[in-house]
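Letters A, B and C mark the chains as written, and numbering starts fresh at 1 in each.
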Amino acid sequence: MGATLAELAHRCHGELRGDPDYRINRIATLEAAGPHDIAFVAGEKYLSQLAVTHAGAVVLGNADAGLYSGNMLLSENPRLCFTCVAAMLHPPVRPPAGVDAKAAIQTSADIATDAAIGPHAVVESGARVGRGVVIGAGCYVGRGAVIGDGTWLHANVTIGADCVLGQRCIVHPGAVIGSDGFGYARDGARWEKTPQLGRVTIGDDVEIGANTTIDRGALGDTVIERGVKLDNLIHIAHNVHIGEDTAMAACVGIAGSTRVGKRCTLAGQVGVVGHIEIADDVHITGATVVSHTIRQAGTYSSGTPLESYSSWLKNAVRMRQLDEMARRLKKLEQKLSAISEGGNIEE
Amino acid sequence: MGATLAELAHRCHGELRGDPDYRINRIATLEAAGPHDIAFVAGEKYLSQLAVTHAGAVVLGNADAGLYSGNMLLSENPRLCFTCVAAMLHPPVRPPAGVDAKAAIQTSADIATDAAIGPHAVVESGARVGRGVVIGAGCYVGRGAVIGDGTWLHANVTIGADCVLGQRCIVHPGAVIGSDGFGYARDGARWEKTPQLGRVTIGDDVEIGANTTIDRGALGDTVIERGVKLDNLIHIAHNVHIGEDTAMAACVGIAGSTRVGKRCTLAGQVGVVGHIEIADDVHITGATVVSHTIRQAGTYSSGTPLESYSSWLKNAVRMRQLDEMARRLKKLEQKLSAISEGGNIEE
Amino acid sequence: MGATLAELAHRCHGELRGDPDYRINRIATLEAAGPHDIAFVAGEKYLSQLAVTHAGAVVLGNADAGLYSGNMLLSENPRLCFTCVAAMLHPPVRPPAGVDAKAAIQTSADIATDAAIGPHAVVESGARVGRGVVIGAGCYVGRGAVIGDGTWLHANVTIGADCVLGQRCIVHPGAVIGSDGFGYARDGARWEKTPQLGRVTIGDDVEIGANTTIDRGALGDTVIERGVKLDNLIHIAHNVHIGEDTAMAACVGIAGSTRVGKRCTLAGQVGVVGHIEIADDVHITGATVVSHTIRQAGTYSSGTPLESYSSWLKNAVRMRQLDEMARRLKKLEQKLSAISEGGNIEE
């Protein structure tokens, strides 16, 4: 493990200042870094630590090159450069290829010879597991599901029948892909279950967080496009469509048949109602409820600000009087206007 | 697989217009349907597609019979009729009866001979598994738990000790039924755990979504009545009681000891505080916080509307001034009233 | 099973009134209790049931001693006393020590001889499992993870590589500890994954609810201090630090790098943004969004109150006019002030 600064600079598109043969073993914070670590200035407030760091090298933005005299990699996008360095120095530890003796593989499943399948995993009939795939301990891969090359399912993931995952996806523990959508017909007071016959199809380079759930489509598919990143405990309902490179933080819920555009960001706990569309390049702040279609790129919000409980109590009760307050305000304006005119009082 | 229109009409209470012997293989959208598919007009906006569909038959509301000339099933409740047709044409694929060699069944567990128990499932001592039950791969059924006839646990479900599930329930992957409730006594700054000794009891025909959690009662039981439908990632706390045919969309949380009535609907991300009651036939809109008892049937809401971030910033800051605004408004009214009276100005 | 009142009084610091040799078998509600049950008055509204209970003994606050004439344990903190009694009468049923034949234990894992490891559990290489630990069916313990003495992992829990759990922790089914944090660098429109190299470290006596997720740190660790209690379906992001004895109810989400103090309580569905601090002894009411640092102990809130949908519709639309209303109010005040002065009208 480890690499020379020349190797890191070459692979991560950094401009090297310093000793090209200097050996770096791992990344570290500026504060904790030792002579064979490389560190990154994560923001302006850390620049002062440059003077005292013991790091063997640092990654810096081009503009900050003058602030340091040791080994450095310069980049227009130092965060990306450092991420590349980190990935190079700390590659994930893939388990060795092969099917664990304690896995349960149906004979008609098609498993690439270099896939790694952990203990107590299940791969059902007709499923296809691509080259270099890792299927963690306790995972369940349903009938006819397809797991694309290089995709990694961590422990205890469930993939429903016929669902399709692209290449190089990462799915974290406990995630469920392809559970039934929530669909019923009313029969008087009772609910009659509508069969959920669609799939979930997931593009390449998608990451799905721990205990996130993605329901299969009712008739068509639920679609997650290439490059989408979903954090933990997210719910994606049936027939939702998420455009490429969109990222959602934890605890977001998207109701059925909604389309989210490309390159959107949804912060934590955002809720989106069903059967609407969100345009490309829309950003939603935390805990916002998206109750209608958004056609314009931009940033959107809802919610009320944090207060002490005692002041919140006083203000929140007024929320229920807001329409009445607006009417009283209007009336006052009219009255005052009448006074001003009728009473000949100048402003 | 497949059925004649006569069979579908008979079983699903549709009025048949057209060829009773015509064979239908599957359901499809109006757009995608071929000559042996049956389709459904999901709403008025799809009526125009009737003219161009290639479906072998359609399901229509009685009132729309005149809009189509091909094979059709007419119904007062076409959605219910279509759901029945879909269920008939696409029955779930139950795994064959029997206990997988890789399951771990305690000898004192009582398993019906026609139950299907998947690989790596565990059934603990004293548990009872009814006729036609499916227990998916990786499920855990605790000591003394009871799984009613025809109930289906999908993969990786956890059922705690002594919990009882009714007949024909469906539990989706990752759901946890019977985890400990969140109960502690204060011991100075520390929390002392209160044993959670109750059960979860679940009626017939209940469906429970992926990664949903239902805690056992502290002393009495947590009760989910017949016909309740819970979507994904829902939390039901200890000693909650949910009335029959109530449905909750994803990401809802219900705090401890609350009673929810019958035939209620809770939209996504609703939160309900503990120790309150919600009457029968109450409907709660998405992301609402239910902070007190609701005694009247009807629809209830809380929350603020979606805005652009820039206008939200301006409005939200005023939320903290709302009580002060209300007082100033009141004062203005008094002042103006004094002026009107004292100053002899007519309205 | 069972204990004398003298034993209960001694162990649980209750003052005994009545027969010290009287035998108690279990706890019960006042209403359901029989002659060998002990019950607790959970609040003033239950005091009236004292007259009719058939309980063999009750736990009461010192001040209520005069309200009952049967066997009783008196305490300044009767809830704590009763919790102790309950724990004594109803100890958890630990499975017998030993490794199930269907578990998969890597040879380099270090397992205490009295640990109990269930069927289909996996313990990876280098992991250490302490004395008296219970690892439930289907659990996954990653490479190098440390499970402290007496800790109990219920079924289907996932512990990531190198994570550390203290002593006497309880982790409920489906919880995931040590999934990757949600960290990416921008590469044009695409997201490049930042390796998540830190751990999760968890102190002693921590309880973690079903399907809760705790991400590993990006570079440093995510830290959960001693005595923290987390309910179900909570998300703790990377590099969060939670102070000792803090408790969080279900569905809370804490974004990355935030520090929560000691002895805090967060009610259900609270959301906390990233990179902020919450002081010790802060209490947050349900569904509040904590959008900035809180430096003062106290109680904090956000959100709007519950209303009927029809009145909410009218009020919510005004929320978007709130800034405009505030400006109009100001203008009215100025106008009226001008009138009062200019027009010589006395208040």
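To be clear about the criterion, a residue touches a chain if its C-beta (ideal position, glycine included) is under 8 Å from a C-beta of that chain, and two chains touch if they have at least 3 such contacts.
On a predicted model such as this, the values are computed, not experimentally measured, just so you know.
Asker: Please state whether the interface between subunit A and subunit C is built from the same residues or different ones, using more than half shared residue numbers as the mark of same.
Answerer: Different; most numbers are used by only one of subunit A and subunit C.
Asker: Would you kindly give the rotation angle relating subunit B to subunit C, two copies of one sequence, based on a CA superposition and rounded to a multiple of 5 degrees?
Answerer: Rounded to 5 degrees, the superposing rotation is 120 degrees.
Asker: Provide the C-alpha centroid distance between subunit A and subunit C, rounded to the nearest whole angstrom.
Answerer: 25
Asker: Mind pulling the residue numbers of subunit C that touch at least two other chains?
Answerer: In subunit C, residues 102, 120, 138, 156, 174, 211, 233, 251, 269, 303-305, 307, 317, 319, 321-322, 325, 329, 332, 336, 339, 343 touch at least two other chains, as defined above.
Asker: So in the complex, the part of subunit C that touches subunit B is made up of which residues?
Answerer: 27-29, 77, 79-80, 82-84, 86-87, 90, 92-93, 100, 102, 118-120, 136-138, 154-156, 170, 172-174, 205, 207, 209-211, 227, 229, 231-233, 245, 247, 249-251, 262-263, 268-269, 286-287, 303-310, 312-313, 316-317, 319-323, 325-326, 329, 332-333, 336, 339-340, 343, 345-347
Asker: Write out the stretch or stretches of subunit B touching subunit C in their complex.
Answerer: Result: residues 102, 104, 120, 122, 138, 140, 142-143, 156, 158, 160-161, 174, 176, 179-180, 182, 184-187, 189-195, 197, 211, 213, 215, 219-220, 233, 235, 237, 251, 253, 255, 269, 271, 273, 283, 285, 288-292, 294, 298-305, 307, 311, 314-315, 317-319, 321-322, 325, 328-329, 332, 335-336, 338-339, 342-343 of subunit B touch subunit C.
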